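Each remark here refers to the structure printed beneath this line.
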Amino acid sequence: MQLAVNVLVLAAIYALISCGYVLIYRVSRVLSLAHGELMMLGAYGLYMTASLFSGEPVIAVLVSVALAFTIGLAVYAALMRHMTGEAVLTAVLATIALGIFVRGFVVLVWTAQEQHPARLLGIENTSFPVPGDARISLVGILLLAVTAAVYLGLYVFLRYTAWGIRMRATGQNPLLAAQRGIRLHGVYALAWGLATLTGGLAGMLISIDTALEQTLVLIGLKAFPAALVGGLDSLAGALLGSLIIATAEVLLIYYVNPLLADAVPFLVLTAMLMVRPWGLLGTREELDRV
Amino acid sequence: MNPALLKLDQVEVTYHRVITAVQGVSLAVPRGAIVALLGTNGAGKTTVLRAISGFIGLDDARVTEGAIELAGARIENRPPYRITGLGIVLVPERDKVFPNLTVAENLRANVPRPGTDRRGLEAAIYEFFPALKALRGREAGYLSGGERQMLAIGAGLACGPELLLVDELSLGLSPLLVEELMHRLRAVREHLGITLLLVEQNAQVALAIADHAYILENGRVVLEGGAERLRAHGDIREFYLGQGASGRRNYREVKQYRRSRRWYG
Amino acid sequence: MSRHRSAALGDRLRTSYQAELALLDRRSRRVAFAALAAALAAFPFLASAFQLDLANQVLLASIGAVAFMLLTGYAGQVSLGHAGLLAAGAFTTGILYKELDAPIWATLPASALVGAALGLVFGLPSLRLRGLYLAVSTLALHFIVIYAGMEYEARRSYSTGVVIDPPAIGGWTLASPLAWYFVLLGFAAAAVLVALNLLRSRTGRAWRAIRGREAVAEALGIHVPAAKLLAFLVSSVMTAVAGCLFAYYRGFVSSEAFTLYVTIQYAAMIIIGGMGSILGAVLGTIFVTLFPYFIEYLVATLPVPQSWVDSIYAVNYAAFGLVMILFLVLEPQGLVGLWRRAKQYFLLWPFKQRPLRASQ
């Protein structure tokens, strides 16, 4: 039962992170390999607001979430906007370069030391008993709740709101969207903002759970196979992919070898790429877009 | 005569800085009129539409001479979103709907001109095209050609335009369907007061509903005039309406046509 | 043909196939090459120990960069598994040395073979995937190779890596930087020569066609899968050999040395250098290899906060990311693009190119 709890929490983490990959890819066909670093930046944002508003966790979290959204908008406006129209690979390399820059930037501003925003916020990560002789931490519960809320919110947003429909339209055919008056830059910026917001949320929660340090980026990188396995342009796929990878990881760590933890997502990804490169729920045609 | 809503004045469009696709094109679209732009393949009709709607930069082209004016304001070489914001909407020839969105979503996948009554417009569109209402929940990719064209026109209207540019409406559709769509367009003009500029290869159908028409050939306007007059014009009848003069055509007649091209109707 | 006339036509008059195919086909090129060769030969004797070490690093890296350029810059097959291939060569060397005490004339070919085999494996996805998805699959393979290396280290408890003695051939040991310089220069020159010749051949043309438009290449009768696999093969063999040399030069092998960052550095080399150009690969290598030292120099001389001096690797990261972004946004053609622009400016000065009437 504890295994099941672990799987669910890990899946929630991966799902929360991978919806960012999916959002950006679906709308602009760009694979943002800076997502892990932006996640970390979001977490450092929380650290910063936690120091400013120590003892008032709600305000700190709200401000840092808004900050993460703004950072996403800024990243698009300053960098990715210039990549529209370039080859996809160039855009991906730009995100890689951005990731490298953020990594250095973060250390220069906040040092490489491990930080503990939880302490600043006065949050205690108590664990709660769950039927079946298992335990779940407070952050675990939060993660599950937040991920569910985010996915529900995104679903409603994309399905029913005007801007959501515009985003989906832009993802399908940017030219036609522009012909209908939709401003592409605005849509792309919104995608980046939302992606950074959700990624940042994930980073914040993880940093409250354990600690804020450089390895946060690794988790971001491991979530990316989850997005691909499910299908890079499908949110539902991201959920499914996260569940699959989390299950594989937890089971293999428990029954085979703990060192496999970092390799498992990529093993699953490789298997998927051999069999069904566009993922479980992705659209097949994505394959031939180079 | 109504004042011109859209005016092209000696417009020249150049691709890749070296290829002149369209030269010396002047045309005027009066407010509330239906104007047809006719010509064979490669005549430059789509280029003109792109120049008007602002999507010309995509193919590395520019308006290098002349002016395009919308109600007096210059709009050539402006970014496309500005032009759609001013009320010019293009219904393209290809890729005219979002295939993975439903019909209803397609009608909402736009940013309408400021001041547009969305709800009212949507209701009006469903009235003009009742078939769309029945297909509201269907994904656009599953629509037939005719239904898709209807949706494309409806989606264009949903942007609240003053001027609707329709590119090759008749392509790939049965004659009956084309006729019906044309009649609907006329109804749209009557009830919504929208001006229409139709680019067509099918001159017969276009001249049936247009008020005024221009014939493009090799990037130049070779003939223009009221639709009635053009329908009766001998050369038009022969070369565009397929109603040739009796007997065999000889070279002298062809030369005559070429000569008449130098004159504007 | 009178001597007078052939002199007037200069070297453009070819009288044999051999003359047609020669790389140094013009007098000016021969002279330039001779000058370059002389400079390269004299350099180690005039440079300081530090500069010599830098040069060695550049030479070593250039082999990998040329290999990467062939695969991604010319054949258009995006591969993010480069560090994995380097690691494969290095680890083959290390493992053979430790387990079988193998000398360099065995480990080098072995590394090449392992590189070839792995290259085929890395190349298989390219038959089905393109662009992004291909990059991702090679990335996944990279992680798997590194994991294998880590497993080996864990099994043998080489927590800090495998230590290797300097290679010896006969009685002579390759240990001094000077000796390394000429050896590496030889390998680098060989790599460049192989690359240039391959590119001028049918294979090279096939690769360029595939990069341009794969469907058209296939329609032209090019056997696309074979060409792709060949690109991976050649590139990985070169890279694995570079990995082997790297192992000997450093004196030790550790899986921590082959991070994704290394792949990105090579990607930066070919991008900053300029895709689709061997000259670009070389220029990019020089730039990227020397860049950290340049940053170090800046940090030492300019007034910066102490924390920056302490975490110089972070300054490196941030600066490197920034420079890469600047090149991607402002000059996608890289250093070669800048070089060409400069050349054109000087060639045309004072006759600046007049724009055609229709342009702005």
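Letters A, B and C mark the chains in the order given here, with residues in each chain numbered from 1 onward.
Simple rule for what comes next: contacts are C-beta pairs under 8 Å (C-beta built on N, C-alpha and C of every residue); 3 or more make two chains touch, one makes a residue touch a chain.
Every value quoted in this text rests on a predicted model; they were computed, and no experiment measured them.
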Chain pair, A-C or A-B, that carries the greater number of C-beta contacts: A-C
Remotest chain, subunit A as reference, centres from CA atoms: B
Chain nearest the overall C-alpha centroid of the shown protein atoms: A
Chain centre separation in whole Å, for subunit C relative to subunit B (CA means): 54
Chain centre separation in whole Å, for subunit C relative to subunit A (CA means): 34
Subunit A and subunit B, separation of their C-alpha mean positions in angstrom: 45
Footprint of subunit B on subunit A - complex, ascending: 162, 165-166, 168-169, 172-173, 175-183, 283
Complex contacts: residues of subunit A adjacent to subunit C: 31, 79, 82-83, 86, 88-90, 92-94, 96-108, 111-112, 225, 228, 259-260, 262-263, 266-267, 269-270, 273-274, 277-278, 287-290
Residues of subunit C that touch subunit A when the two form their complex: 78, 125, 128-133, 135-137, 139-141, 143-144, 147, 150-151, 154, 261, 264, 267-268, 271, 307-308, 311, 313-322, 324-325, 328-329, 332
Partner subunit A, residues of subunit B touching it in the complex: 53, 55, 58, 80-81, 84-85, 89-90, 92, 95-101, 105, 108-113, 155-156, 159
